[in-house]
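As written, the chains take the letters A, B, C and D, and residue 1 is the first residue of each chain.
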Amino acid sequence: MLAKKNKEFFELMETIGSIRPLLAILASALVIPLIILSRGSPNLRELWTMVGAVLKFMIVFSMLPMVLAGTQIECTLAQVLPGFALQLRVDALGMLFALVSSFLWIITSLYSIGYMRGLQEHDQTRYYSFFALSLSATVGVAFSANLLTLYLFYELLTLSTYPLVTHHQDQEARSSGRKYLFFILGTSIGMILPAMLFIAHKTGTLDFTSQGIVAGRISGQATSFLVLLFVFGFAKAAVMPFHAWLPAAMVAPTPVSALLHAVAVVKVGVFSVARMITGIFGTGWLDDLGLSTLICGLAALTIIVSSLIALSADGLKRRLAFSTIGQLSYIILGVALLSKSGMVGGLLHIGMHAFGKITLFFCAGAIFVATGVTNVSQMVGIGKRMPLTMSAFFIGALSVIGLPPCGGFISKWHLVLGTVEAGQFLMLGILLVSSLLNAAYFLPIVYRAFFCSPSESMFEGPMAEAPTWCLLPPLLTALLSMVLFFYPQPFLRLARLGVQAITGG
Amino acid sequence: MGGMTEHLPAIIVAVPLLAALIVTVVWWFNDRLCFPLSVAAGLVVCGASANLFQKVLTQGVIEYRLGGWPPPVGIVFRVDHLNGLILVVVTLVAFLNLVASRRSAEKEFRDKVGAFYALFLLFITGLFGILITGDAFNLFVLLEIASLTGYALIGIGSGRASLSGLNYLLMGTIGASLYLFGVGILYVLTGSLNMVDIAGILPNLWPSSAIVLAFLLCMGGLFVKMALFPLHAWLPNAYTHAPSVVSSLVAPLTTKVMIYAMMRVALTVFTFDFAFNQIAVRGPILWLAILAIVGGSLMALSQRRLKKMLAYIVVAEVGYMVGGFWLGNKAGMSGAVLHIINDAVMTLCVFLAAAAITIRTGDDRLSSLRGMFKRMPLTMAVMVLGGLSLIGVPPTCGFFSKWYLISGGIEAGHLGFVMALIISSLVNVVLFFRCFEIGYFEPFMRGGEPHSAPVEPGYGAPTVQEAPVEMLFALLTTALLLLLLGLFSGQIVTRVIHQALPAVLG
Amino acid sequence: MKRLGLIAIIIFGGLLFSITFELPDLGDASSPASTHVSPYYIEHTLEDTSVPNVVTAILADYRGYDTLFETAVIFSAGLACFFLLRIPERKAPKARFYRHLTTGLTLRIEKGGRIPEESKEFERIDSAWVPNDVIINMTCRLVVPFVQLFALYVIAHGHHSPGGGFQGGVIFGAAIILFAISNNLRSTTRRLSEKSSALLGSGGVIIYLGTGLLCILLGAGFLNYSGLSVFPGLDPVSARSYGILIVEIGVGIAVTAVMVWIYYNLASAGTQEEGL
Amino acid sequence: METIGTLIIAKYNYWAVVVLIAIGLYAMIAKKNLVKKIIGMNIFQTAIILFYVSIGAKRGATLPIIEHGHGESTHMVHAADYINPLPHVLMLTAIVVSVATLGVALALAMRIYFHYGTLEEDEIQKKIIGDEPDKIDSSG
């Protein structure tokens, strides 16, 4: 049935115009006034958040069949500069990312309700409003048809997450907020903007095309410089040494860390880098110039160094943050391998890692809500108090390490295949070593949570889980992580479609 | 009234002048009528300028002969795409400011409200006159009207305002006199005062060091008036110590209109070929602009008062526009013109927000921003938007003019200018987020501060206490304009600005 | 600073001097300034406007727009001085001084003391000592009317001889100021109050601007006085002549009033109690 | 040498103007007293006025009031007979502007005097520094 439909679409058209991408972006932005208006009644306010989240996911989802059929959906918003429009385009790559983030928003919203109420946080209205806004920006990045639009949403995301990161409004939040802005806004203005203008000047366009736009129009030397500008300039991708904001940003409430710093913000960074590599530079051109190794090298360095730091981090969220930094570079590494499987693996990792890492963050938050503990060293024996949470944590960890039966295995498998395909055996080694490191910093937590002598155990007494709304989401995402192992569609298909469009085969 | 539309250019200067006179008269009898009368005049002018712009778009250049005398003999108004566009924005900015000024004008100039509005109207009359005139000497007269009223409006502020006002007056008079001298030399050489007429005669006289000197004098005079970097010393103090309503009027408009005058004189009187190809001033002026951008930004960093910080940003912004213009290519010039209108709105936005905060706290030190996000959420939201626009974040309009300016710099291969723009954007990030941090993180009042803001009822409790309604209206409209100008900047550039640039640029 | 300024100015002066060789000689009748536009004025003024004084014709007609704003500048200056200096609430001065006219004694009356009525016996004087100088007083009283008359002549005869609104207005204003100097500020403001001078000042500019706007309403352009020819007995040329006259009268009124207004504020530092 | 001498003599008006401009500007830069600065400004403006007026001169010409008979009998007017009227008109405007500027300048100077009690720039500067730089002036 679906296949037949697909065929029809293929025959009918390749690109269709529709307002749906815009609606998908606006769905969350439009509920903001409602959220603010109903600030007097928390239930109604949270209802609006949920409405926005579900609506957004449904709109995104409704475009999935078309995208799976190989169709692109386009929507031009405004011709803001001659030759450069604000334009949205839904392709496989963007769909993959939008699907992940909009789906996880629903779960995070549920979790937020539990978490924020559980801790009786202040200024919840502001929190929900900016959360919704940042989701708009995230999907906006996913659906951007050109670099200008992407830049717009990228900046919007930075600014709308700033109040979330600094939600506590204390001295620590202030310095973290500074770091956050310094790295992210600073790099985007100081590096991305000039690079973007240089490309616009040289090529006269900024559209993402399957073969890139700079090929042949910009000299090799300039291209390598631009590549560096983009890889470092999209500091949300946290390629070292532009990673320092991420651990700092962990002062945010946990749902924020969970969604934004495991899914939305950081993935926007790597997604943007992936877009640059595929849509602006073009894999062919990069291959010709031999820049693949350069990017891979940067990514590999980040992977190893961040894993080593994560090993020594005591704060759970800090450990997760450094783990995230490493995992992000997997994605960049995968895409930069320029081999088919490598790219599929990299793109797939956007989704797989998201599910795994959000589980871990949810668990960290649940532990904090239930016990107030934030450090790994204080979690010995916690499995007795919170068995469900810690089970979910275990599954999430497995997924991030890349072991079956979790989704993370599939992406990592493709990554490994990719290194072989590309003949980058050094990278293969790095992948394997880093997986070991991943295991080394996650599994002891789980092990000591469950298996420890009673004298060592810091927790006693009966099972006391976090509030339901804090508990259900991690269980759900953990479950989904496992489901994705057995049934990695539609992500795998989307990733393949995306790669197909780029490599043309 | 169909016949009236041909007199639109005259209406644009005659109506505010008439309103100023009537306000002066009426005020002696009933001071309540001053504000409505001024607003009515503002509305008429806005309508007239929009209409005029529409006419320019459809019919091309409009020439209006005053007294019915043909150009070299009489004075003409000459409205083309360039000044038509700027006129619309300037009238709008002036109108919004007029509306916003109500409360604080009544508070600050209790007994002289009529004189304030009359001077206000005379000031904008002068600016409108500068914008539409096609006569080099007439430009000087209107320049002086705008300046003279500006000195008075600035000098009325408290404390150091008079001193700043007098300094401004001395510098401004030097500037205007240099310009006048330049025009005098041109008159000696050509025998004409009409811009187009002079432009027709001058090429026969090339190369002549007298023309070069006339050019330098005119430019130098206007540079003083627009506060280009080494000549900027009068500006920060003048804008800081002026009453808030005045700085939000003078800051967005004066420098921009002066930059327009520079463009007009360079392009229409001396012609593009002369200014860019015959003489080698382009490079030095560009470096001045770069110094202005970097210097203005850095000096803004060391300020502890909101208005002074904004004033130094204005100094940097002048560098943007001057630099963009003197890049001498299409992108740079488009950027400069676009930035004139964008910057007028952006500066209005931040200065109005500063005025609103000053009204509520009685203080414009940065520390007075404490707790402002709670206390004046809408005002601060608008200020954030204005700040983002000055930083250059899309989709606010500031991004797009910066886009053109930087592309112009890249096209001209002028790395220094590009770097300066980016540095200034980064500095603006620091500047504005420092303000926002204070407003966001620091609670309303922490005790033990030696010189604290005046105590008001309800102090300490973060209750929402927004700006006066009129001001809020102006603020929100400005914010909307920031976004609209951004979204339509493509159209503005292709349909208007490209028509306004010299044909040589293609 | 001083030395630096001197060097800068010498350089600047040298620069200015260097170009003088390219400028025409003094009194050169064939210079561009004298041959391009100005012959038009000289040769056509009479037939265009029937005003023999070319300066007046250019001032009020050919370049009437400049002059309109020139008047507006003067008006702005008056307004600005008022705005900057005027202290509207009448703060009672510490002490007032009165002269007993019959004896010539000077009385100093502290705040709170009984203030005598101004009458034939007592005259209030400024706190800065002002001699009771009868000669100056009387001379000025005699001269002032003639000066004023001359001022009116200068305004009215501007068409045919050197003169016009500005010149006449300045003379008229000077006459009033002369009176104020020779007597005192209060007796002047009793004759021409601040309010009247402000109203007259704006009234004068309104006359000018109104004439210009009237021309629009009559179907001609702004400040195109030939539009006034719809009034009976006027042809376009004489309409211009009358237009110029009206405008010059407006200028005269404005200049007179504003000069006086500026004087009031500058001389009394805004209090308008006492001054020179 | 002689030619340059005659050139200078033929253009002595510009010389005078340049010297006056230099004097005016020097006073504005070097003098510490605000009123002296204002006087310098006026000299500067006057120099430019002089420049314009000297442009209008024509050797052998009279003032620009056209000789005319009464009624229709107007004879040919020769431009060379009358001096150039335009600079005079322009300078009437410039004089008015400079007077107006002077008025405002004096008004501002007066306010400064009330506030600081002096018109010497360095003394004013001392008083400003004496105030705490960060403090808002509440007087005035």
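Here is the rule we go by: a contact is a pair of C-beta atoms (placed from the backbone, for glycine too) under 8 Å apart; a residue touches a chain by one contact, two chains touch by 3 or more.
Quantities reported herein were computed from a predicted structural model and do not represent experimental measurements.
Any chain bridging subunit A and subunit B, meaning touching each of them, is missing here; the list is empty. The most central chain, judged by the distance from its Cα centroid to the centroid of all protein Cα atoms shown, is B. For the interfaces B-C and B-D, the C-beta contact count is higher for B-C. With centres defined as mean CA coordinates, subunit D is found 69 Å away from subunit A.
The centroid of the Cα atoms in subunit B and the matching centroid in subunit C are 32 Å apart. Once the centre of each chain is set as its mean CA position, subunit B and subunit D turn out to be 27 Å apart. Between the CA-based centres of subunit A and subunit C the separation comes to 75 Å, rounded to the whole angstrom.
Across the assembly, subunit B contributes residues 137, 141, 144, 148, 151-152, 155, 162, 187-188, 193 that each touch 2 or more other chains. Contact of a single residue of subunit A with at least two other chains is seen at no position. The set of subunit D residues that touch two or more partner chains comprises 21, 25, 55, 86-87, 90, 93, 97, 100-101, 104, 107-108, 111. Pairs of chains meeting the touch criterion: A-B, B-C, B-D, C-D.
Within the complex formed with subunit B, the residues of subunit C that make contact are 15-16, 18-19, 22-24, 31-38, 40-41, 61-66, 68-70, 72-73, 75-77, 79-84, 86, 88-89, 195, 198-199, 201-203, 205-206, 209, 212-213, 216, 219-226.
Contact residues on subunit A toward subunit B in their complex (touch as defined above): 78-82, 84-86, 148, 151-152, 155, 159, 163, 166, 169-171, 173-174, 177-178, 181, 185-186, 189-190, 193-194, 197-198, 200-201.
Taken in their complex, subunit B has these residues touching subunit D: 137, 140-141, 144, 148, 151-152, 155, 157-163, 165-166, 169-170, 173-174, 177, 180-181, 184, 187-188, 193, 241, 304, 363-365, 451.
Partner subunit C is touched in their complex by these residues of subunit D: 7, 10-15, 17-19, 21-22, 25-26, 29-30, 54-61, 63-68, 74, 77, 79-82, 84-90, 92-93, 96-97, 99-101, 103-104, 106-108, 110-111, 114.
Here subunit C touches subunit D in the complex through residues 1-2, 5-6, 8-10, 12-13, 16-17, 20-21, 23, 25-29, 31, 33-35, 37-39, 41-43, 45-47, 52-55, 58-59, 63, 66-67, 70, 73-74, 76-78, 80-81, 84-85, 160-162, 166, 262, 265-266, 269-270, going by the rule given at the top.
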